[in-house]
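Chain naming follows the written order as A, B, C and D, and within any one chain the residues start at number 1.
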Amino acid sequence: MADYRTHIQVLTHHCDATGVVNFSRYGEMAYEVVERWFDEALDWSFWRMHHGEDLAVPIVSAQSSFPAASRSGDHLIWRLSVVSIGRSSLDLSLSATCGGEARASIDMSLVLSEVGFTKPRAWPDTARARIADYITGIAAD
Amino acid sequence: MADYRTHIQVLTHHCDATGVVNFSRYGEMAYEVVERWFDEALDWSFWRMHHGEDLAVPIVSAQSSFPAASRSGDHLIWRLSVVSIGRSSLDLSLSATCGGEARASIDMSLVLSEVGFTKPRAWPDTARARIADYITGIAAD
Amino acid sequence: MADYRTHIQVLTHHCDATGVVNFSRYGEMAYEVVERWFDEALDWSFWRMHHGEDLAVPIVSAQSSFPAASRSGDHLIWRLSVVSIGRSSLDLSLSATCGGEARASIDMSLVLSEVGFTKPRAWPDTARARIADYITGIAAD
Amino acid sequence: MADYRTHIQVLTHHCDATGVVNFSRYGEMAYEVVERWFDEALDWSFWRMHHGEDLAVPIVSAQSSFPAASRSGDHLIWRLSVVSIGRSSLDLSLSATCGGEARASIDMSLVLSEVGFTKPRAWPDTARARIADYITGIAAD
């Protein structure tokens, strides 16, 4: 299946005093892409997850690279695909491009856990099935 | 030489709806630690770098892990050390602990460049000498 | 003419440790609404304004009220209208509702000035004409 | 009694693409000043308030002005004083200066309420007594 795509326009407040998007704002955007994907593609809103089920998906590790700078007004196309899914873990690969130029690449590992980040929990079957639709051909295991 | 140390207290606005520090806020804190280090240890404020010299140190890649969650009120001790310095690159290792417990570990590569992130520039000798004071014994090359 | 409308979905990172949108994030959203309005309705992107014309529209004063809390997943409908326009000033009225319930009301005064906030500049005629389309019937002068 | 004072250094990420502190970041700083004041002056950490007592102090209204711009590296001196305290409300006056120059003035009304912002609660006597120490001579009622 195709990867999940969404876009985010770079705003003035995403940029810092150097005029380009600050490192930390890419993290915020990546978190937003994950939240949109859960909501739109998995039909599992973070509101319901956090408050109705006392679950959360904290990011436990990430590797990122930023080959070129982004400026306010840039339309970033974000792509998200699933690298692998474990009992309670999930490895995602996100990337952002603008006009075909690579701007950000963020691989991250999430863990489904109780809110407050204490005990891992197994992915429910429904979620697992939907997540599997986004496993990339190359990296799937 | 010893690593650079500074502390940041976790505030309510660093935490998201799950009650713990959001991924992107760790990035913001790490960026703050780097900015403090340049200012206090290298005597090179980002204001002077950005506006007086048209230089910047964008983060071009980072690897991070978050072994345990942080909550508002937590006092995080951040440590920064230099892994290696190249002609215009700089590899840093940052970590945050709270009461001895590891909370965040962020390794990052910076590049000294013209503001706007186009052309790399060689580290000035004065800065290079000061940066060398923070090279860790283990990882230095 | 009708007011300008846009919507923003509340995300997990907009909320703080109390589970609802933090005060400062409403300010960020309001700034985003103004930036979208300049871009979409006035055809004047902040990128061009800041970097092509060395102009900016800093907020010099604001009055805000937050009658009810917002949570992640809420769809906020933001409305923006012009209260009055002076030689270089601009008074805007913004409000956010969710399902008909008032969530935020922010009145603000901007001043067109040189980047860095030093000297006020008169609104160009083209912008002035487009801005006038959003003057509210009640508050126009 | 004297007002509460604390300082915040302006960082690169507080500034947006125009090179000066963004509107929304002043709101974040003001919220930080309030949180520090509760913690240090009232001995009432937001962690204990939010998680131990299920209480919060949402900002229900604010009036702010920003007479001059702030840049990275500026040391802002923030002052906080109490204008008045009601059964569950609290009116605060905050201001930030740099080298004697006024940069921000933010008056705000808080309400002690249950977490999630539903029911107002009366200030406990201990807190009320400590808060009273910060009532300004001029504005006290």
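By our rule, a contact is a pair of C-beta atoms (placed from the backbone, for glycine too) under 8 Å apart; a residue touches a chain by one contact, two chains touch by 3 or more.
What you see is a predicted model, and the numbers here were worked out from it, not measured in a lab.
Going by more than half of the contact pairs matching by residue number, which of A-C, A-D or A-B reproduces the interface of B-D?
Interface equivalent to B-D, from the options A-C, A-D or A-B: A-C.
Any idea whether B-C or C-D has more C-beta pairs in contact?
C-D is joined by more C-beta pairs in contact.
Taking each chain's centre as its mean C-alpha position, how far apart are subunit A and subunit C in Å?
Comparing mean C-alpha positions, subunit C is 28 Å from subunit A.
Need the CA-centroid distance for the pair subunit B / subunit C, whole Å please.
One centre to the other, that is 34 Å.
Could you grab the centroid distance between subunit C and subunit D? Build each centroid from C-alpha atoms only and quote it in angstrom.
Distance between chain centres, rounded to whole Å: 23 Å.
Can you tell me which residues of subunit D touch two or more of the remaining chains?
12-13, 17-19, 22, 24, 28, 31, 46-47, 50, 71-72
In the complex of these two chains, what residues of subunit C are touching subunit D?
Where subunit C meets subunit D, its residues are 17-20, 22-28, 30-31, 46-47, 50-51, 56, 58-69, 115-117.
Give the list of subunit D residues in touch with subunit B in this complex.
11-13, 19, 28, 31-32, 35, 39, 45-48, 50-51, 71-73
For subunit C, which residues count as touching subunit B in their complex?
Going through subunit C, the ones touching subunit B are 12-13, 15-19, 22, 24, 71-72.
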